[in-house]
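Dropping the structures in below, format is structure tokens.
What follows is chain A paired twice: with chain B in the first complex and chain C in the second.
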Partner chain A sequence: MATGRGETRTSTVENTKMSNGQPRNYTNGHKNGHTNGYKNGTNGKTNGKSEKGGRWQDDFEEYFEETPYHIAILTYLGYALMVFIGHVRDFLRYYGIEQDKSCTESNQEDYVPLYQNWESFYTRNVYRRIRDCWNIPIASCAGSHIDVQERVTHDHGWNFEMTGKTLKVMNFGSYNYLGFAENKELCGRDVQRVTEKYGVGTCASRQELGYLDIHRELDSLVADFLGTEAAITVPMGFATNSMNMPALVSKGCLILSDELNHASLILGSRLTGALIRVYKHNDMKDLEHKLRDAVCEGQPRTHRPWKKILIVVEGVYSMEGSLARLPEIVSLKKKYKAYLYLDEAHSVGAMGPHGRGVVDHFGLDPHDVDIMMGTFTKSFGACGGYIAGSKRLIRHLRANSHSAIYSCSMSPPVTQQIISTMSCIMGRTNPQEGRRRIQQLKWNTRYFRKGLHERGFIIYGNKDSPVVPLLIYMPSKIALFSRECVLM
Partner chain B sequence: MLQRLWRHLADTLRHAYFHYSVILCIAILEPAERYVINSVVIVVVSLLVYATVVYMPGHVTMLCQCFVHLTGIRSHGDSVGQRGTTSATIS
Partner chain C sequence: MAIIPATWDMYDLIQGFLQAPAYHLIFEALLMVLIAKLFFSKSYKPEKIRLSEKEKEVLVKEWKPEPLAPDVPDDHPALQAMEKYCVDGAVGKTVNINGKDCINMATLDFLGFIGNKEIEEEAIKALNKYGVGSCGPRGFYGTMDVHLDLEDRLAQFMQTEEAILYSYGFVTIASAIPAYSKRGDILFADEGIGFAAQKGCVASRSTVKWFRHNDMEHLEELLKEQEVEDKKNPKKAKVTRKFFVIEGIYANYGDICPLPAIMELKRKYKVRIFLEESMSFGVLGATGRGVTEHFGVSIDDVEMVVASLENSMASIGGFCCGTKFIIDHQRLSGMGYCFSASQPPMVAVAASKAMELMQNNPVMLVKLRENCERVHKAIKDIEGVEVRGSPLSPVIHLQLSEPAADRDLDMKTLLMVQDKAISQGVAITPARYLDNEEHLLPQPSIRLSVSSQLSEEEIDKSMDIIKAVFRSVLSGNTAGHGGGGDSAEAHS
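On to the complex of A and B.
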């Protein structure tokens, strides 16, 4: 249900420049030929190096609309009603008037409770009613069209039963940006061949007989793809951040992390033992202020200089859909001599004219970013992550990172899937297919955002980012929206 | 014609109820809870309506009279007449 706003933002509709359905060229900003004294590239080609002046800033448009007052008040009222009813129902359940179907701990004599907290109240009374909107079981390949298994609940969300029917729906909710999460001919044959040759499990870590030749091939391919000297891959995306940051940063260092960083980055930062300072989301003035304070004042009590300062940002933020202002961050880092850790989980494969991430999107030099991290879960249809940088960095990580020493190495079919999709995107095999998918994603992003905006929905984020958060606010609306989407 | 009007009215009411129940999260409550909340809302609204219809005109009239008394519109006219007569007798 649309929130019923009458006006649309005209600036976004004008700027999409999609009159003939072609994806937007980045040379459209070069109308005048010269910007601030720097000569632009010839028409149809970009320079490749970062251009000063307003070029990327003209292109960079983000919106985070304020919630209308009446919607905020009504949402709070709705939640208040649910909490009040929850308390009443809990009271009834506690005194045995109503049967208690939730999982409660058995209170042993003299033991303190192990699990009691407010979260279980919320889960029991609010989340339980609309639980059928999440954790939907799928009975097919999780690609662009999925077969959703139908479930019914006869006691209002406590227990589910499968009816046995499946519904075919279009998938807008997974991170399958380039559509590689499929079992068709493109990568399927290679993956089949590799599975027949290597099996499925390696049963060892990289350091002990789990390092296959396809892992070596993948590492060098990732380094070529991103334009760095070397790369190392990890079988789990979350673990790439949380297990590798402690090898790079330690106590006595400073981490400047963005407000909206992902849970893996926060966990990794906390595991390092360094001091963490959070700056406001994408706010370069705040970041510069904190950098300057850190360099001038040093560590908190002793005022000794910091061992290192690490700025941790993400390319595309997965919950807001905003892009990091990478050119400004790179210039700040060069000015104050800090290191930059860029998490490209959602942007690698999905942003940039060649699909190489936000560094490609802004036209920066990959050597400016010290540590580039990303995951294969989103655009490549596989699982796992990588860290790329200089040879010295990767050599250090190979010996010292927890994931390299202790985790099982990447499964061979998954490795081959990444190799096939990455070669496709780079243009080495099936160049038409790779280019087509990247352009299709860009067109889809612009079209989808424009369409939602015109219908009056509130969406956040940068107009180029493939992550489109649609704000619905009220829990009942969320439930009805989800049910209508799945059943239609 | 009359039937169409009734149907239109019924549709509007149904839409209005749907909007109200979705916005206040009543749509996702269990039926028993829904009865309770709706009856509470109906009781409160009917009390408000009753109070407005029965007590509001009287209350408003009383306020107007109070306002008039405080600013002394009517009594001011009487006092002017009296002062005029007393001054005449003194002089």
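On to the complex of A and C.
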């Protein structure tokens, strides 16, 4: 895409090899755009290209740097060594030469074993050694600084003991994008008031007298925030996907799911009973090819036409930090009359000039996305999820969703927390605060990524994504990194 | 036939070959050529039909998908009911519906913890310390000391080695079953289990064998059949795990599972038990430990007890408890545990406090039992209504003794009952189901829920109102439509 104005970075993987170890010149495209006297935004116009198409692709920078060869080889060797030692140790344990510290089932001699030996091999021999890097307990709010409870193991990860000490550390681990986890000044009073009025639980599902006026308020606020006609909320983010997808799609339909979709989307897709086809991550050619084949050939064997085709994507992928190429997906979906399910767990509140997610980030119309799903856990400092869309869709979900019938409704203090934070982001209460937080997040994201790059780390993902995967590769280095970071 | 013919036979063969007529030899040679050709020629494969680009464009243009969501009319009974009975304020002992305070016999707050000031105080303390959300899954700094405390407390209370906490009741059982039971394993599930357990069975992709509700003979039949199958294929049987999926108190029927009989079958046929105790935790047993305490069965004999904290504990979430060997596995393979944010700390603290209150005041369990028996006695003699549920269960189903052929008609009757009852000050609800997806759809019923907080006068008053409402609605029905069943048949 050479425009003659200097390099405009595109988002394909081929452009991003930096295996010569040089730190990437981060501001390449932008700098050149400016010094030439033209702002980046007008690049497309002067070239005769459509303004919209030029704009989002100019600003879309994603890189997945290739692993250097020697690191890859060492990593594989490391794992191979651990597996070999694991086998040796298992052998010793089986014959009683080494003490077996893992737990066993008692009084169950004639029963079929509950776990196959190889299932727990990885847990026992690889994960167990470095298991202190995860599930670290904290004794404070998950804000910008946390109090980590120190644990010590005297037998290499089999058992842990608390020492009683806490270490105050900076928090780069929790999903607290806009800092609403610490909210005493902003929403604390409102949430307290609601707790005193409604209690903590509801003990009833929505359709069985568990529908409170505060839930109604939240539903309409979410719809306003996203710019859709209506919305429905569910008390758990994971459950939003697994319980509502079966209500939308059934046998005889096709689901085209991105390779790197979250476990909740995969479980939800499996529970629908529809056929699932996976396309390569963010690869629009593969998606178009599969869509085309699906529409032309119909269902396998019978060749009946599909009832519906659903494309399932995420806004920001939590493990890669990449953004879905939403404008292209929307145009594909319109061409082939498929439906789009967008999971904005990590992007709502964190992306876009107004914090409304990837749809806002790309400047698209919310009505183009049929089903907008998201969670309140990350940017709103609460828990739960929502689905937003047309009035017809939401009416159907209210009457037929599993969560509305079989499981209890959202806890009132959590509901109030979401209402307060969402109003702040929308600018209805504390307008300065909301805008400041969104802008600060953007600045922090770019600065952090640039800083890591300049120091030579390999990081993946889109430059705007607040999720920053920093590649370490070797298991021993993972342990070292985690332990050193927490101690410092 | 000998591998190497004797030299004498060899001589005969060569002699025969030389003496054969020419046409015979030529014929044989041609046959051999034909066989060789057939052997080496490619098998017939019909050519794959390739559509041209133009044809594809036409197909793409022509294809019309179904609408994403079916059109649900605005007057769908569930939607109407939700809007009509939107509650203002806490759903505690009394519920404020449209400005009227009603006695709450609808929500599953068995021990009356909603509105308890001590719990609210603890929750607010936790709010001030931890904020609302935990902002991360358990693996990534979402594990807070309050979660570990609650898990320890639950494990101690249930007298098991370990407990694991989930952030939503539905997902608890739906994640626990697939963590252990995989493709090829067998689940013996009671037909009356709740929807969440059914989804867990589906998600596990195991073979599910349904046995009639609480019918131990049918279960034994199925087990015997399986034993015969196992004998035929012992190698496969060695790797096929078997589980029972049962509930303590069945939410759909209100009756209790025959646990001692199931324990016998378990020992005889070597099957593991998953016991779902959402309705019986905090209800049955002298201290509220559930159906194992109620029957005097040792909890070590039950592999895993799963319960939701959303009923008696008036909180949000669920837990599984059992031995370390079993529960620790879920920390890496329970989908709803690993891939989801942890419980909000204030909710965990509320559950902890509720447990503490229950442990310190076992008298509320006695009160609950008394109230259940009182309600059962009072509700027994209504004409046209059948009462389903054990006298010990706080969940009672009131079904129509002469159900109409059309389920919708019955639901309309029940909704009328609900409407009238609410207008007279008693909040009740029909049990809601997803008609097309339940394995065994129970009959339409009003589900009463008893709370330990209700006084005797309140119970008597509510029962009188409910009886009067039923009488008026059912007699009105008979007078107006000439019998529900007849009118349905006439219309169909």
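Quick notes
Just so we're on the same page, the second predicted complex is superposed on the first by the 426 of 488 C-alpha atoms of A that agree within 3 Å, B and C clash if a C-alpha of one lies under 4 Å from a C-alpha of the other, contacts with A are read in each partner's own complex, and residues count from 1 in each chain.
Just so we're on the same page, contacts are C-beta pairs under 8 Å (C-beta built on N, C-alpha and C of every residue); 3 or more make two chains touch, one makes a residue touch a chain.
Since this is a predicted model, take the numbers as computed values, not measurements.
When the shared chain is aligned, chain B comes close enough to touch A:Ala479, but chain C does not. Using the contact criterion defined above for the overlaid structures, shared-chain residue A:His396 touches chain C, although it does not reach chain B. With both structures placed on the common chain, the touch criterion links A:Arg129 to chain B but leaves chain C unconnected. Contacts of A:Tyr460 after superposition on the shared chain: neither chain B nor chain C is touched.
In the superposition on chain A, no contact is made by A:Phe225 with either chain B or chain C. In the superposed three-chain model, the partner touching more residues of chain A is C, compared with the other of chain B and chain C. Applying the stated contact rule after C-alpha superposition, one finds that A:Lys308 touches chain C and leaves chain B untouched.
Once chain A of one complex is fitted onto chain A of the other, the partner contacts of A:Gly78 are limited to chain B, with no touch recorded for chain C. Of the two partner chains placed by superposition, only chain C is touched by A:Ser140; chain B is not. Chain A contributes residues 1, 74, 77-79, 81-82, 85, 89, 129-130, 156, 474-477, 479-480 to its touches with chain B in the complex.
Against chain A, in their complex, chain C makes its touches with residues 51, 55-56, 59-60, 63-72, 74, 76, 78-79, 81-82, 85-92, 95, 97, 104, 106-109, 113-116, 119-120, 123-124, 127-136, 138-145, 147-148, 167-171, 174, 180, 194-196, 199, 202-203, 237-242, 270, 272, 300, 310-311, 313-316, 323-326, 328-329, 331-332, 335-336, 338-341, 343-344, 346-347, 350, 427, 429, 431-434, 437, 447.
Interface residues of chain A, counted against chain C in their complex, comprise 103-107, 110-112, 114-116, 120, 123, 127, 134-143, 146, 148-149, 171, 173-176, 180-184, 187-188, 191-192, 195-213, 216, 235-239, 242-243, 246, 248, 262-264, 267, 270-271, 292, 295-296, 305-309, 335-339, 370-371, 375-378, 380-383, 390, 392-393, 395-400, 402-408, 411-414, 417.
By the touch criterion given at the top, residues 21-30, 33, 37 of chain B touch chain A in their complex.
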